[in-house]
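Step one of this worksheet: look at the structure below.
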Amino acid sequence: MANITTLHNKSTDQARRQLSEPFWVRWLLISSALLFLSLFLFVPLASVFSEALAKGVETYLAALQEADTWSAIKLTLLVAVISVPLNLFFGLAASWAIAKFEFRGKSLLITLIDLPFSVSPVISGLIYVLMFGLQGWIGPWLQDHDIKIIFAAPGIILATIFVTFPFVARELIPLMESQGCEEEEAALTLGASGLQTFFRVTFPNIKWGILYGVILCNARAMGEFGAVSVVSGHIRGMTNTVPLQVEILYNEYNYAAAFAVATLLALLALVTLVIKSWVEFRMKQQEIRS
Amino acid sequence: MSIDVRGVSKQFGQFTALQDISLTVPSGELVALLGPSGCGKTTLLRIIAGLESPDSGEILFNGQNARQNVQERQVGFVFQHYALFRHMTVFDNIAFGLTVKPRSSRPSKEKIRSRVRELLSLIQLENIADRYPSQLSGGQRQRVALARALAVEPQVLLLDEPFGALDAQVRIELRRWLRRLHDEIHVTSVFVTHDQEEALEVADRIVVMNKGKIEQQGTPDEVYERPATPFVFNFLGNVNLFHGRVHQGQASLGGFAVSSPDHAETNDSPAVGYVRSHDIELERTAADDTSFTVTVRSIHPVGPVVRIALVTTTEGTSLEAEISRDLADRLQLKIDETVYARPRRVHLFVEDYQI
Amino acid sequence: MKPTRKNNVLPGFGLTLGYTIFYLSIIVLIPLTALLFKTATLTWADFVATVTSPRVTASFRLTFGAAIGAAFVNAFWGTLVAWVLVRYRFPGRKLVDSLVDLPFALPTAVAGITLATVYSANGWLGKYLEPLGVKVAFTPLGIMVAMVFIGLPFVVRTVQPVLEELEPEIEEAAACLGANRWQTIARILLPAVTPAIITGFALAFARGVGEYGSIIFIAGNMPMKSEITPLLIITKLEQYDYAGATAIATVMLAISFLMLLVINLLQKWTRRYTA
């Protein structure tokens, strides 16, 4: 018996070798992939922090404590706090309608929801300038009533909503489609109301998907540059978001400060990636469980 | 609670799922909707449940229009893949229907707990209340789904292919258990199945469906012994077909003759005789003109019986006979040997139907 | 509108679909039509003159050329990275796997200033490239570098799941039929992932064409030489040339829609064998 097992082991080992590449090929491929990633991802990421600290920790902290930086942070948080929940609510409504029902024009609707991803950020900002700007559709009316949208927070929020529009919906639609409707139907036959069905049956099944969509939506909302840059007007301390503040400092050759503020955004990106990996792990677990 | 289905039709785009179905399920009975996939049986069940609305027709519970809303219809529905809430324990699954009741009619926490415990003992799974559905076997999930449906004391119990997703052994055990359970609680029940054996064994009455229509309804004995249509004959058990003609009560079916008093009025019409494989007797000597010669092609012992593939010598039609092992041992058949076959019972259908 | 099939018992269809269409209209559809209406106020001759002026066509050539180049780089390297991540086990693989998404998560402005610094003449990487005569920052090559950065995850994340889903049995079957490893890769694996690679290529290209934030810092932004189209739109806006900005934007938008259509078709094609 022992003989047979060893024989068996040996033969699978050999077989496995035939079904993969020789050691040196694997090694070569791994190192070239890592080299490529280093040149384009890892080295730039490391340099953000190194540049920020190049003139010492004090300069770094001083840059972060500047009043304009603080007002940029506040504006960025405001933008995210408004745009993310709105897109979350939309994503829930859209995925419920699309994943749980069949209707004509569904695939067109999905394409339209994805549309903002394929529009250049600059154009995403431009369309709001054309709507609300002084030369735009309702710009003159807005000016008569002393309402400022462009070169003010509302315009920045609108442009951010546009660029982050699909995040939650496109995450939830396939997830809810794959889960079908049987559990919801079971809840209804047991007498649950529509809202009870959603909160007690649907929601627990999609909560990781929601979190996934929300953190990606948030990362983009806080980091958006192109669209916001078009509608912001770059008024220091007023309409600058954090990414715009980075640009201003950089263009003023204040590199240490620019990179110091940039580290905030880089940390945001890293935290996003960590949460994203964790959520992916939880989703995989949930999949295995069911 | 009796169920009346009155003139229900349902169309999905171009596809007719149900065509003017009428059917009565008497109170307390266990009825099987039997038919091949795509025959509309699941759609009918979902319409009874209120999960689907019919294009025309109506559903009556106890002679009164059933509530429009699925939440208020008070049916227990067991889904084919159980649809257990995967994020809830077995206990929470079973309790769900009670906990979503409006506050005024919701039982107290203590009552819910005792009701769930009662159901857990009914399904003989008292010790798994804290597990999640993914930690259960298929048979256990099935029983939890059933307990969950029963928790709200439904007026009718509807089961969609309740044993479809289980292995053969568990399936047989569970269906006998379901029968016993039904004898205990007597809730009017309808289940969908494509397995004739399951329907014959478990149900009080069987409704055989095909292509959106009801072919026959009756007790298991009725549908098995006196199939109303060729389809029912074919669907319930192995069957051999003999093509021939019928003339004034006498049929001649490719090599043998039978008398058919039912067709005394028929004049020289094409007809098909249906003979179940266990109704074909094999013998070494010819009895009368009801027997005919066949050649043995192959012999397959299958458990207690032996299946024998045959070919008629006159027309070369393939047949299958099923005989007991005893008889097979006595006959000592050999391949390519010619013997006599005699159909014990022939059901004759004059050929204006097509299967 | 009424749901045609599936489930007409679940509640909330009218409400959720209604809200979806309402929100989609006010955020996306109406503003986009504003762009088209604004363009429609131009005469055809003006429109053509604007979008074919030398500075504009130079920017188109640069933007599309760099985006195609970057998409090719990504199609090759992205596939290699996906392969390595799916097929081989090495220390830090999980970390590398999550960092591939960095360009999705890192704000483009940060990417821009970082790449510009790292690839400038005395930057971490630039100082090794400069002596070789390779100038990256403030040249079209720099634009490509930025586009490679932001487009990489598109290829990796499109190819990776397809590679993961390939059943090992397929390769085993090929080996049983006598194929050597190279034949198996070239004739079984590569054809299976090609649609995904092309889809990733298209996604990376589409993203590159529209990209603004990460490019402007490294590009140099010299008209006719290193000025990308999105920047030109902003320049026109800042000069209050709304008509010009809209005309160029319309052309870019049309190309985006075309790309979206192509990508949808590609994705259908990618899934054609999956039941």
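Per-chain residue numbering starts at 1, and chain names A, B and C are given in the order in which the chains are listed.
Assume contacts are C-beta pairs under 8 Å (C-beta built on N, C-alpha and C of every residue); 3 or more make two chains touch, one makes a residue touch a chain.
Given the structure is predicted, the values throughout are model-derived calculations rather than measurements.
In this assembly, C is the chain whose CA centroid lies farthest from the centroid of chain B. Per-pair tallies of C-beta contacts place A-C first.
Chain-level centrality, scored on Cα centres against the all-protein Cα centre, points to A. Between chain A and chain B, the centres computed from C-alpha atoms are 53 Å apart. Chain centres here are Cα averages; for chain B and chain C they lie 56 Å apart. The distance from the centre of chain A to the centre of chain C, with each centre set as the mean of the Cα atoms, comes to 15 Å.
Residues of chain B in contact with at least two other chains: 50-51, 70.
Chain contacts: chain A has residues 185, 188, 193 touching two or more partner chains. Chain C has residues 4-5, 7-9 in contact with two or more other chains. By the touch criterion given at the top, residues 4-5, 7-9 of chain C touch chain B in their complex. On chain C, the positions that touch chain A within their shared complex are 1-13, 15-17, 19-21, 23-24, 27-32, 34-35, 37-38, 77, 80-81, 83-85, 87-88, 90, 94, 96, 98-115, 117-118, 123-125, 145, 148-149, 152, 168, 171-172, 175, 181, 206, 209-213, 217, 230-231, 233-234, 237, 240, 242, 245-246, 249, 252-253, 256-257, 259-260, 263-264. Interface residues of chain B, counted against chain C in their complex, comprise 12-13, 50-53, 70. Taken in their complex, chain A has these residues touching chain C: 18-21, 26, 29-30, 32-34, 36-37, 39-45, 47-48, 51, 90, 92-94, 96-98, 100-104, 109, 111-116, 118-123, 126-131, 133, 135-137, 158, 161-162, 165, 181, 184-185, 188, 193-194, 197-198, 216, 219, 222-226, 229-230, 242-244, 246-247, 250, 255, 258-259, 262, 265-266, 268-270, 272-274, 276-277. Put simply, chain B touches chain A in their complex at residues 49-51, 70-77, 79, 81, 83-88, 96-97, 100-101, 132-134, 148-149, 151-152.
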